[in-house]
Every structure is written in C-alpha cells, then in structure tokens.
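Below, each structure is written out as structure tokens.
Same chain, two partners: chain A is paired with chain B first, then with chain C.
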Partner chain A sequence: MRRLLYLLPVALFVAVAVYFLLALDPNRDPSRLPSAMIDKPTPVFALDGLAGGKGLSLDALKGQVVLVNFFASWCEPCRDEHAILMKLGKDSSVQLYGIAYKDKPEDTQRFLQQLGDPFRAIGLDQTGRTAIDFGVYGVPETYVIDKQGRIRLRHVGPLTEADVAKELMPLLKSLQNS
Partner chain B sequence: MIVELGHFALILAACLALLQSIVPLYGASKNHAGLMAVGQSAAVAQFVLIALAFAVLVNAYVTSDFSVVNVVENNHSAKPMLYKITGVWSNHEGSMLLWVLILSLFGAAVALAGDNLPPGLRARVLAIQGMIGVGFLTFILFTSNPFLRVSPAPLDGQGMNPVLQDPGLAFHPPFLYLGYVGFSVTFSFAVAALIEGRVDAAWARWVRPWALAAWCALTIGIAMGSWWAYYTLGWGGWWFWDPVENASFMPWLVGTALLHSAIVVEKRDALKSWTILLAIITFSLSLVGTFLVRSGVLTSVHAFAVDPARGAFILVLLVLAIGGSLTLYAVRAPSMAGGGIFAPISREGALVLNNVLLTTAAATVFLGTLYPLFLDVVNGPKVSVGFPFFNRTFVPLMIPVALAVAAGPLLAWKRGDLRAALQRLWFAFFATLAVVLIGLYLAGFKPVLAILGLGLATWVGFGSLCEWAERVKLFRIPFGESWRRAIHLPRASYGMTIAHIGFAVSIAGIAASAFETERIELVHPGETLQVAGFNLLFKGTEKVPGPNYIADRATIEVRQNGATIAVLHPERRFFTLQQMTTGVTAIRSNFMADLYVALGDPDDKGGATLRAYWKPLVPWIWIGAVFMALGGLLSLSDRRWRVGVAARRRVPAAHPAPGE
Partner chain C sequence: MKHFLAFALLFATMMPALAVEPAERLADPAQEQRARALSGELRCLVCQNESIDESGAPLAHDLRVLLRERIAQGDSDAQAVKFLTDRYGEFVLLRPRIEPATYVLWFGPIAVLLIAGTGSAIYLRKRRLQPEAAPLSADEQARLDRLMKEGEG
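Take a look at the complex of A and B:
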C-alpha cells in the first residue's frame, strides 16, 4: 500500500503527458478552438450595461450580423487587441458589441475611457454565466452571430489584422449578403 | 565558414554529452576511478564547445551576417549594438542555445567545484547532466538549428519585436534560465541519490548551495520580468497570471519548498524521499514550462513561434526525464528510511507546513494554467480561468505561509513550544496591531484587505527581526555581548533573516497597490493634470528620432507646492520597420512610491491623453525580491565556506557542523 503512494507522482505525470500529447494535435489551432456551439443558436442572455449605457440582450441583436467580443480590463491581450477593435468600431458596416467578462463596472468604464469605446453597446457579465453559456475559454474571444441568431465563428485570443482581413471581413460580407 | 564552425562545435558537444552520460555511470557502477573521471573532462569540454558555438552566433548577430536564417529573422543592421547581442536569445533557436550553454556551465561547475563530493556521486550527477545535455542538444540540432544558411543572402534582416528592445527584458531571459536550468543540478543530485539508494545529511549539504544559487537567479529573473511589464505596458500592472509567467512561477514555488525541506534533511535526517521528490518536481516544472512556451499548446503573448515537431520532440524529452526519474523514484524511494522523528509543533513541523502550503500553491497555479487546456482536449465543457481564479485560490494559501514564517524559526528542533515562540514575538504582534489600527484610522474600512495585508507584512518583517534579536539576546545581556553574538552569527542565519524580510517587503508592496490613485485625461500644451498632490504641467510633445524608431516625446513638469521637482519625458516610439508603436513610461520613484506617467494617443491639436498614477510602496515589490535573492546569496557564501572547508577543517565545538 505504501509503495502505491510512491507510484502516485509518476501516475499523475503519465496522465499529464497524455493530455500534452493530445494537445499537440497539429489540427488543433489553439486560437481557433473547435466550438460545440458553431452553427447552434446563440445562448439567450440579457445583461445590464454600464451606468448610462443600455445593456445588451440577445433579442436586440436578432436580424443582423453581429460581432460579439468578450473582454476584461484585467486581461493583457485585450489591450493588445483593442486598437483593432477601435478600427472595426469605426467601420459602419460592422456591428460590434462587447461583453465585459468578470470585471467590475468601474474598471470596465476606466478601461474604455483609457483606450476608447468601439462598441455599439456593452453587457456586463460579472458572474461569468453568459461566458459559460457561450463556452468562452478565456478572454479575449470574438464571436460572429448571423441574422438567424446562430453562432458562425469563434475566435479565441486577440484578433490580428490578418484575422480581420482574411477571416472576419469575408465571413461578415457573405453573411450580410445571404 | 565561422558559422559552420559553430555548428560543428555544437555537434561535437552533443557527442561529448553522450559520452558523459554513459562512461561515468558505468565507471561508478564498477567503481573505476579512471572511467568516472571522464565525466569531469567531458563536462568542461562540453561547456567550452557550447560557449564557442554561442560566441559564433553572437558574432553573426554583431556583424549582421544575413546569410544565416536566424540572423535574418531577428536582426537588423540599424538595431543598436546592445539589442544585436540580446537579439541572440530573443528567439526560439538562440534562446535554446543559451539554455544548453547554461546547462553546460552548471555541468562544468559541478565538475570543477565538486572536489569534496564522493567520486561515485559526482560521476553519477555528471552523467545525468550529460543525459539532459544530449536531449536538448539533439533537440537544437534536429529541430531548431540556429546556424542554418540562406542563399542568396538578403540585404537586411527583419528586425526584432520592438517590445523586446528594452534593457529590462534583454537580461530577463539569462537570469530566468540560470534559475530554470540551475535546478537541473538538484535534479541530477536527486536521481544520482536514487541510483545509489542513499540520501544523508551530507547529500543535503552538497545539494543546497546549487538549489540556493538557482533559486536566487530565478527570483531575480521573475522580478525583472514583472518589473519590465510594469514599466513598459503603460498602465501599471505588474503580474498577469499569464501561462508563461506561471511557467516560471511554479518552479520558483516548489524550489522555495525544496530549499526549506533540504534544511530538514541536513539537520535532522528526515523528509528524505520528500526532498528528493521536490528536487525532481522543481526541474520537471522547468521542463514543462519549456514545453508550454515552445510547443504552441497554449496561447500567450509571450509564446515563441511554434512548430508541432518541436512540441513532440520536447514531449519525448519530458517523458524520458520526468517519467524516468519518477519511475526510479517509485522503485527506490520506499526503501529510504526516514531518520529523525519530530513532533508536529517543531521547527521541522513548521517547515513541513511551509512545504505543504507552497506545493499546494504551485499545484493551484498548475491547475489554473492547464485546466482550460485539459478540458479543451477532451472536448468537455469550457470553463474560464483568469485573474479572479488565482486571486481567490492563491492568495488565501499565502496568508498562512506568511503567518508561519515569523513563528517557524523560533521553534526548537524535534519538539517546539509554540506558546513560548509566540511570546517572543510580542513586539511583532504589537507592531502589526499598530499598523492595522493606524491604517484603519487613516484609510477607513474600505480597503480593509489591503490594510490586513500591510499588517501581515509587518508581522513577517518584525517577526524576522525578533528572531534575530532572540539569537543575539538583545537587551537581555549587555549590549557589547549582543554585538559579539551578532558578529558571530552564521551568514546563513543572516541570509534567512534578510530573505524573510524581503518577503515581508514584497507583501507590503503588493498590499499597498490598493491605495494607488490614477488620473487619465486629454491634455493640451499648457494644461495641467493633478494626481495625488502633484501638478503635472504638459508642455507638449516633439518628434525625436531614435536609431530605428521615431519617438513622440512629451515634456512634463512635475510641481509640488509651487516648486518644480522633476521633468518627465514619457514617449511613444514608432518602429518604422515593424510598423509598431511601443510606449516608454516615465517613472519618478523615491523608493516609497512611484509617480508613473504614460503617454497615450495624441489628438490633432497637439494634445495627448496622459495616464498618471501615484503608486505608494509599489517599488517594494521588486526591492523585496532583491532582498530575497541577496539573502539567498549571503546564505550561499556561508555554505561555500562550510562545504569547501569543513571537510578538512574541524569546526569548533560551539558550532558543530550538523550531521557529522
């Protein structure tokens, strides 16, 4: 029995190593995680907004092609990504909405004051409940939702110029024309 | 031609490493002195060859030899000389070369400084170091060769990420690797001990200096990284629980536990198999960190460009090194009889508590870092882990650590008297109470956790001073007598006191971050911004050309009570080659607080957004880390004296060398 205890470290390591092996799958791009939610209806949500803002709910998004970005003031990559969101926000053909993930409203407010506010509306997901419904892996994450309210794309991690040009804009165009 | 020489030296080093991993091991099993001695020459020669290869790569960068792929990808002729050199390790291939250079440095150090080791142990330690060397040298040669040529050679290189062109970040990797890789020595000692089936006080005494050296370097390396994040990212954050930061923090936590448990092995001959396990885990976590950063399994802003073949190769190395050593542990460790018996309330007991808490904290960080990955791999539900997770799990584990740090050293070995120890801490207790009450009086109940944090820091700091006062019998015997005792206290004892005070200083710096104030405003030339009693007069920005960038440089006069006390120049640098902008913050620090100004986006009327912060005690976070490392070095200097000389010179009876 005592001997078994000494086997525990190596047993744990084997389990970790198997996960590492699975994680190395070359088809698994960590920034484009396969989402179980692709082509499924967007989970229902209705979130409060910042003081003076109107909040965000799924009903308000129906009938249009939208981008939903999960962000947080404590998240460093979100700051990296923000310049790109600002550009998208200025593009009148893009409907960009934000969901502040597990963040104090005053911190979110300050974050947007510092870096600019590209969003048409912001929902506060302080409990992280909506993020769990979406299957958010970590912030930032960006989702494309089509006119029928289905999730069509999930992008994990900060967006880059290349992602926007090659992936996001073509998809938005084709969805808007359909 | 020179470049091929570097490549050739690296191949030779790999061959020597193979020799080093087989011959001494065989020699030790046959007790053949000649074969065992091969390990020493091979280790030294391996270091010389890798140093040569490294020098060749540095030379290729310095002379901007754009026939080398690695130089093309990371260098540019207009880059300042400092960053041409540090550019060598700013990329995957070059940093791996630095990694093996440091590995071979430690190997050579064991070979040269280990004259007091039994020949069998030294041979086995060097053989294990050799095996690690074989693994990583073949990894470089087969998947990450920095000496590949390109033909035709381009006219100029692609340059380096501007964020990395900073003195703080330039020297952060060498320190980090000294720490990471330094723990390979304790790992080799642990595996060698498992092969021999013998761990005793002498073993612990040989291992501890290596653990201390690696730990000091890792402490400095992590502190530098965090300091860099603080002054470059421009919003005053200094720790992000980013996977790559966690990768360096986990070995530090377990390494800290190892430092403490090795004391118990040395003084009391107990906790042997646990210490061996910690030595294995510390280096294993360093290896896991290397895997995470370089395999692309996690997304992180710090991660290197990735290649699945590299990930698979490192995973094989992980399985061989960690799986192999833990299997050996499972077979051999059960027969290692524990020595000294001790009561739960005792110095040993306190050190066990420290170990349990630190390893649990490391496990928490491990889970928080890898849990999302694990769930993702099995396509399970997605769970998000971020800042909130670590703050809620890690911080509560550190509170009992801090509480125990003050009391532990006052407990006797074997069986301690907790009440007596706490009585000796009366002064620390009242100092803590005073800090908490004054804090509540001045700041109110709102930042109550921060005030309790400051109290905790006071408890640890003054507790460590009380322990020192106890040792020199301050105020209980004539002052001259105390002075004499203070001079004769071993350096290791001062090392502990200073390191623990450093811990207290860091806690204070972290806790006080709740008291910072900030002001963010769009200002135009001639306007002022007020923060924490300072008037910041914005005088405008001007374009200043740099070697490979153009900077918008702001001039800000800092006035307090009508007098100008400083002029600050925060910058935004636009790197023309990479089309990237980085910020350079201006910080005025008086070691008690920082006035921190970052320049934000300009508007078209000559104005700019200014972010100004007043951050009380924030420099203490890093000052504390420096104290911890200094304490470690002081203790190390004491060790060297004992390890080097004690074997030949009998220590006077007043300070019996423990375990002899």
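Take a look at the complex of A and C:
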C-alpha cells in the first residue's frame, strides 16, 4: 500500500507527459475549434444575389442536403480551393451554394467569370451578418446542412481533395440516404 | 533633469492603444460603458488572445458594432453575451464560466495545492515526531570505545 503511494507522483508525471505529448501532435491545430452551431438549426437568412441571379435564402435550401461555401474574391485561400468547388459543382449529386462574404458584387462577379461559377445560387452577405449568425471566423468556410435544416459540419479553411473524399462525400451520402 | 521630466510625462500620458473607433461609439455614455466592459471580456475569434475591444481585426469591429446594437436595442449584458456564445460557443468568453465542465480549470490548482500541502504537512510532522535513537547498550558502548581507541592508535 505504501509502495503504491510512492508510485503516485510517477503516475501523475506519466499522465501529464502523455497529455503534453498528444498536444504536440503536428497535425493538431490549437486555433481550430469545434463549432457551437453543430446540430443546431441553420440561422434564417435571405440574401440578394448578383445581377441576374436569384439570391439565396434559407427557405430555398429546405428539404435537401446542401453545401454552403462562404467565399470572397479578396480571399487568397478561396482561390486555392476554387478548383475543388468547380469539381463539386459538376457533380449532380451535390447541391453547392455560395455566400460571398463582405465582397463588392462586381468583384464577386469578376472572380466567378475568371475562375468559373460552381454554385447553384449565390447570396451576397455584404455586411457579414449572415456569416456571424453561422459562426464564421473567416473565409473560406464550408457548411453541410441536412434535410431538416440543421448544420451538420463546419469546415474551416480551404477544402482539399482529401477533405472532400474523406469528410464531405461520406457525410453527404449518409445524410441523403437518411 | 529636463530629459527625465520629458520621459516621465511621456510615460504618464501613455495609454494602451484602443481599437474602438469613434464612429462605433454609442451616444449614451452609460450604454457605451457597458459595451466597453463587455467587449473587454469577449475574445476576438481571429486573433484569439485579444479581446474584441483591443483587436483591429475586421471581425472584431463587426462584433463590437453588433454588441452595441444589441445593447442599444435594450439587451441586458447577459442577453448580449448569449447572442455571441450561441454562435461562437463558450470560447468567446475570455473568462470561462464556473460550471461543472470548468470546475477542473477553476478549482484544479487549489485542489493540487491542498493535496500537496496536506501531504507535506503529514510527512514533516511524522519526521519530527520520530523518537530519538535509543541509547547504546553496554556491549555497543564497549565496542565503540575499543574502535575509537584503535583509531587513535
């Protein structure tokens, strides 16, 4: 019994050391945080669209599994992920919508003319209020919304091929079948 | 001396740089004061170790304006803060709430101090209470005397 007591500090040390070791994982990004909006109803929004576009509102998304991507023409990582969005836009099983965050409509227009427009519809969030309602920290961010209108996934930063294959597509499939 | 005075004046009038822009301020000084106090307790999500009161990030600006709007509309402090925690989670609070999930955070250090302190106190007490060594028996004394003598010789 006494001996066990002497081992207690060693056990404590090991526990702390293991915790520190896990925290040193190079793949762990301490600035990346879980969203408070997961499994909550998507905030109500109704945004104007680009000239000739119909805009985007929550009502238009109801009853389907959708991807909502927050982007901006001034955002460099958004350019990086655009090729992947183009690929997703061509996939008929994916409902991809875009929200332009704090961007001038003419800049958004030019951005999409240069790189292509993968979105089924685009909403302009010029004040950034819709983004705040979603809990956006900064563009690009991508959200998955289920048929019941709940937010199921928040992806921070540009999407990569691996994110799409490992994270997005499996979730979209399982939500579509449910 | 002149230099010293100049420096003293400089340091005395130095103020932390504030990010709050004049246009953001509320007309009602009482409401503005509440907004300032609240925004000092709210984390800027972009810079993460600054409050939205200190941060120059655009999102911090938006959140300061939003907070003031809520207050101007008659939100209580708690309601205005809840508006943000609903969207960004408890992480926006620079001072975590005291609730079961944060008990370890708040009371852990005190608990460790108490446990370690009690342990040390018991150990030190026991050591002091230990009886002094028993006196040597006659045989031992004789042997000691002999050894001492040999050492001298």
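Note that in this section the second predicted complex is superposed on the first by the 146 of 178 C-alpha atoms of A that agree within 3 Å, B and C clash if a C-alpha of one lies under 4 Å from a C-alpha of the other, contacts with A are read in each partner's own complex, and residues count from 1 in each chain.
Methods note: contacts are C-beta pairs under 8 Å (C-beta built on N, C-alpha and C of every residue); 3 or more make two chains touch, one makes a residue touch a chain.
Because the structure is a prediction, the values reported are computed rather than measured.
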**Item:** Touched partner set for A:Leu21, first chain B, second chain C, both or neither
**Value:** first
**Request:** Based on the superposed arrangement, let me know which partner A:Gly149 touches: chain B (first), chain C (second), both, or neither?
**Result:** neither
**Asked** Counting only touches as set out at the top, which of chain B and chain C does A:Gly55 meet: first, second, both, neither?
**Response** neither
**Complete:** Of the two partners chain B and chain C, more of chain A gets touched by chain B
**Prompt:** Touching A:Ile132, do we find chain B (first), chain C (second), both, or neither?
**Reply:** both
**Message:** In the overlaid three-chain picture, which partner chain does A:Tyr101 touch, first (chain B) or second (chain C), both, or neither?
**Reply:** first
**Request:** Using the touch definition from the top, say if A:Trp74 reaches chain B (first), chain C (second), both or neither.
**Result:** first
**Shared chain A contacts, counted only where both chain B and chain C touch the same residue** = 31, 33-34, 36, 102, 128, 132, 135, 137-138
**Complete:** Contacts from chain A onto chain B in the complex sit at residues 2-3, 6-7, 9-10, 13-14, 16-17, 19-24, 26, 30-31, 33-34, 36, 72, 74-77, 79-80, 101-102, 110, 113-114, 116, 128, 131-132, 135-139, 156-158
**Asked** What residues of chain A sit close enough to touch chain C in their complex?
**Response** 31, 33-37, 102, 127-129, 132-135, 137-138
**Request:** Note which residues of chain C are touching chain A in the complex, please.
**Result:** 45-46, 48, 58-59, 62-63, 66, 85-91
**Request:** Within their complex, state which residues of chain B touch chain A.
**Result:** 233, 235, 237, 240, 242, 273, 277, 280-281, 284, 288, 291, 295-299, 301, 308, 311-312, 315, 318-319, 322-323, 326-327, 329-330, 333-334, 370, 372-374, 376-379, 381-388, 518, 520, 600-601, 609, 611
